[in-house]
Amino acid sequence: MASGKKRDLRVYPGFRGMTWFCMALLYAPMVVITVYSFNSIRSITTWGGFSFDWYVKAFNNPSIQQATLNSLIIAFAAATFATVLATSAAIAMIRGRSFRGQSGVFALLNLPLMIPEIVTAVATLVFFLAVGIDLGLMTVFIAHAVFCIPFAYMPISARMEGIEGYYEEAAQDLYADRWASFRYVLLPMLLPGVLSGYMLAFIISLDDFIITNMVAGPGATTLPLAIYGKVRTGFTPEINAISTIMLLISCLFVTGSYLAGRAGKRRGEQR
Amino acid sequence: MSDRDETASAVEIRNVVKVYGTGPGAVRALADVSLDIRDNEFFTLLGPSGCGKTTLLRIIAGFEQLTGGRVFLFGDEIEGLPPNRRPVNTVFQHYALFPHMTVAENVAFALRRLKKPEDEVRTRVGEMLELVKMSALAGRRPAQLSGGQQQRVALARALAPHPKVLLLDEPLSALDLKLRHTMRVELKQLQEETGITFIFVTHDQEEALTMSDRIAVMSDGEVQQVGKAEDIYERPINRFVADFIGETNFLGVTVESILGNRATCKMADGFAIECDAVGAPPPGAAAHVSVRPEKMTLAAPGDGGPACRVKRLVYLGTDTHYKVALADGAEVTVRVQNAHETSISFRPGDAAMLRFDAGAAKFLVD
Amino acid sequence: MEKSSGRTAGGIGRGRALLLTPAMLTILVFMVAPLCFVGVYSFLTPGTYGGVVWEFSTEAYIQFLFERDFLDETLVFTSSYLSIYGRSIGQALVATLACLAIGFPTAYFMATRPEHQRNVWVFLVTVPYWVNLLIRTVSMLFIIRDEGPLNAVLQAAGIIDEPIRIAYTDFAIGLGLVYSYLPFMVLPIYAAIERFDFRLVEAAYDLYAGRWTILRKVILPITLPGIVAGSLLVFVPSLGSFIAPDLLGGGKHLMIGNLVALQFQGSRNWPFGSAAAVILMTLVLIALMVLIWLKNRNRVEGR
Amino acid sequence: MKLKWKTLMTALTVGLGLAVAGGGGVQAAGELKIYNWFDYLPQSLIDKFSEGHDVEVTMDTYDSNETLLARLTAGVKGYDVAVPGDYMVAILIQEDLLERTEPNTFPNFKNMKADLIDIYFDSGRHYSIPYQVGTTNFMVDTAVYDGDIDTLAILFDPPDVLKGKINMLKDVNDVLNAGLRYLGYPRCNDNPEQLKELNALLAAAKENWLSFNSDGAKEVLVTGDAAVGQIWNGFGMRARDERKSLKYSYPKEGFTGWMDNIVVLKGAPNLENAKKFQNFMMDPVNAAELTNFAQYTAGVMGTEPYLKKELSTAHELNIPDDAPKPEFVPPCPEKVVRLYDKIWTNLLK
């Protein structure tokens, strides 16, 4: 190299720019939503002046709070359940030799992805009623858990495919039983995939409308149901206010994970 | 080491068979292998890739199930025990260091699984890192280490829980040449210091010869020959072993007579040579003998040996390799030491004479 | 690797079967069983106000390709549904490619950040998705409309002289789909690149490969599972999506999602809705098979 | 790592715990489960009813009449009261999904507007009482076009300034019925010749339309992207709040009226409370409070003193005397639904 400048081989020109473009694309609407949550008039697109009115309204609206809480509960539960199942399935699918019917199992695991939501929604509703399961939060949870599985499965299995089998063998060789080798070796190595899968499942559940709309029972109104149900009276900045609060909650997660990552790094350096 | 000590078997392998798959697609990896590996021994499984040596190692470690046969560890049958219940540890070919743990955490892994008290763990980790000269880098992650450093950590990690047997799966293959040479010495020292039985898998005959107390040469899922390095080298039992270990020449001969430990054989051009009588067929039979290149020398044409013509030569500093053609056209490699000023040097095309050391030619089984 | 060569597919061990059971059982019971209804429905006769009448009929499938004339009820070939499917698939493909073009560099950039920052990036990609898609899409429409902030910014920057039409175009639909499903591309690819061994890059660089050759010949093939996963996660939902096309593209064309939803709601033709869904499922299944086939072929070639 | 693991598990446990706890827990003497559009009933009214009758009220949400129908025909139980639109009441009665509560015998029935009693879907009001009444029309931005807007020609043969600036509701009935009115043909039409003509009219008109959008019907007008847009009247009024130049049209060819109604679902677990609720909502004070919130029109008399002033004067909510009467379109026979579906699909293919 004539320049003699040390080139970092991992850097590709334009990738950083593309990342910022991606972030701008994702966050531009967030800015609009947040700004209009402080609107003084009942509009999400016309600016009438600054006020906290919609936050006050949201805090005094038990039904929208309940809907938000329902959404979060369902998303936490369904994403966790789906991630656990997907992780165990990914391990079984990828570790070891191929077995008869493996592509069938693969197709089955990804089946929920292939069905238009409205069809899943109607079919699941009919099924629940035929079997005699009472509609409620539980049915929403079940339906969400099912279609979250492939969303969690994909990143986890992608990650799993990249982890050589010898790490687990090494762990077992070093007196780790199956659980310890999973807990101390495979899981930490799998964690980025698990985290991706969990986040995907979480946001998929959080945002689902069509299926929830069909299978929700008494007391199971979620936030998307509330938002779509506002067609009779129109969107108000109250929704923006709730959305902004949700953004704040999620930012707490970001901060938390950053701090945890830093702590982990420091711990690693100390030893 | 006295013969008495060596009789205690660390690992006993009895008629082990391993077949992958079933039906017509089945692959036989091990066919009826039996071995005795003694305590305190540096034992090497040597063979080309696909010969079954790694499979055998994995069977001892517990990663593979047997199709047939039995395996004993210090007299106890271990088949059926999962890897984590066997007091053997493995140094993996790619080290398999846990990337999310520091060097120290890697070394402490087995001790923590065995629920050793934390202060004992710390002491032991310190000792192990000291042993492999890695104490300074205890806080690093594997990705921040060089290949040789990773190798040492892998060793320390496997040795930390005091295994009864250490299994090493081609641990040096990923290192560069110089490092490989240093590590050979270190490994051998380590084995002697710790007194642990090492079972070492390699396809590199030089590695096997320099480090091992005993070597098992494997091919096609079978053990061809077991013995000390000199035995294997000097007395290869068959053509495969002779060819795989070191370099050799095969000559077609007819046995004339056998007297004591010497057999007189006639070469194709009628010249008679003295062969080692072990394994010789009865007089009159045709056979093959193996002659190592360094057991012959080249001399000026004369009556002391068969005539030949120099075809090519490679100068290697300490010695020179000659490729010469015998009268019947057969090619023979001769290694001549450049130790003495008096050695004659030949050029391609020169006529010369082969001179055999007494007993240098050995009969092969096949 | 000695151990993986020459093995034939065999039975599945008990441990692995145990690991697979929960996920498979959940999907079998709560997905496959309900879907059997859908398959059956597609061969029934529609009820007056939704639902089905238990009479066998293939009308739903016939209707997909042929329509009965207004006047004499004769069957005439119709391209209506084919063009709906064609457009949806086209848009989903474009969206998938666009997501890949944006998502791969982003995932790569994320994966090459220092370790303790990476989780933060993962969260950053998903944070916007804590807000409902409908609201986000309405806001996106607000941004890209003629007198919206985007045009204002572009004008102020002197890039354009007068507002360009973005909203209510096919471009807007693409933008909406990309926006809707971008994380589903980024996260699986990130998960794959994150564990990529960059010493391989050094090795390739050592072997005289240029930066972009390395990307194409080394990084892309190794991270392929992530790319495939991401593409599926974008393609399939894009195929059924209709919020972005309706709002951003002006909704002047039906998408598969609209079509199916319409049959279960306004048109109350459950058998046809089911048939449309079965056809969609078949299409996706074919796409999946092709992917698996490609993956296997790659694997064989890689040996 | 440890920290995160624990957080996750805690979140899961708490989440599931709450989910289970959410199922039970009733303190009040009675219960009432309402199935309604979201944000369509003010909290103050819920509280008032709840306190007045010692009833715990829970509300759940749906987004369309069709979702309601699909769920009820599938056999969903547990709700007492729902708020379906006019044609949906007809369907629900026909499908035997409603409880015949005879609201006409309730004390507050005396407040009913006379012209809403003998309505086609529930003549004599044996099942339902009106909740909110509205019309579906379109608005025009008078700053863009200041000609006569009280004609459907604005949608189907627009003046040049409005071409490419028209938003239609993404609803097969709203679009097709407007077209039929423009052509002067009857609703629920199965005349093939007339439908062919309608098909051609729509295909030609679509060239001049910007979009089909229901969710953003208000926003598209307010932002100025569209200068003409089909819209419900209450929505229209809110749109005018944000863009003063918008004007609601009452086309001379006629227009659709709609009415949401409170009905009691078959097998309602809290039948008596549901009946009380129907009666409660016919009280002019309560109806006015609802109307002030939802901003459409009440179905009972005597609300005027309690209404916000702008509601009683709004052009959108008060049909001019010279405009045609709103038409409540009954559900069409199956054959017509299929034909409409075909035209709609063809329009949007």
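Order as written gives the chain letters A, B, C and D; numbering starts at 1 within each chain.
Methods note: contacts are C-beta pairs under 8 Å (C-beta built on N, C-alpha and C of every residue); 3 or more make two chains touch, one makes a residue touch a chain.
Predicted model only: the values in this text are computed from it and were never measured.
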| message | If each step moves to a chain the current one touches, what is the fewest number of steps from chain C to chain D? | response | 1
| Chain pair bearing the highest count of C-beta contacts | A-C
| field | Longest centre-to-centre distance from chain C, chain (CA-based) | value | B
| Distance-wise, how many Å sit between the C-alpha centres of chain B and chain C, to the nearest whole number? | 55
| Cα centroid separation between chain A and chain D, in whole Å? | 33
| With chain centres defined as C-alpha means, what is the inter-centre distance between chain B and chain D in Å? | 86
| Centroid spacing, where centroids are CA-atom means, of chain A and chain C in whole angstrom | 16
| request: Scan chain D for residues touching two or more other chains and write them down. | output: 64, 67, 70, 74, 215, 219, 223
| note | chain A touches at least 2 other chains through residues 44-45, 122, 126, 188-189, 209, 227-228, 235, 257, 260, 264
| task | Enumerate the contact residues on chain D facing chain A in the complex. | result | 1, 3-4, 7-8, 11-12, 15-16, 18-19, 22-23, 33, 36-40, 43, 58-64, 67, 70-71, 74-76, 78-79, 214-215, 218-219, 222-223, 234-235, 238, 241-243, 260, 293-295
| task | Going by the contact rule at the top, pick out the chain C residues touching chain A in the complex. | result | 4, 7, 9-13, 15-17, 19-20, 22-24, 26-28, 30-35, 37-38, 102-103, 105-106, 108-110, 112, 115-120, 122-140, 142-143, 149, 178-179, 182-184, 186-188, 190-192, 194-196, 198, 201-202, 205, 211, 214-215, 222, 225-226, 228-230, 232-233, 236-237, 240, 256-257, 260-261, 264, 270, 273-274, 277, 280-281, 284-285, 288, 292
| request: Please give the residue numbers of chain A that touch chain B in the complex, ascending. | output: 164, 166-167, 169-177, 180-181, 184-185, 188-189, 268-271
| Of chain C, residues touching chain D in the complex | 46, 48-51, 67, 70-71, 79-81, 83-84, 134, 138, 141-142, 145-148, 167-168, 243, 246-247, 249-254, 258-259, 262-269
| List of chain D residues in touch with chain C within their complex | 64, 66-67, 69-70, 73-74, 91, 94-95, 170-173, 192-193, 195-196, 206, 209-213, 215-216, 219, 223-225, 331, 334, 337-342, 344-346, 348-349
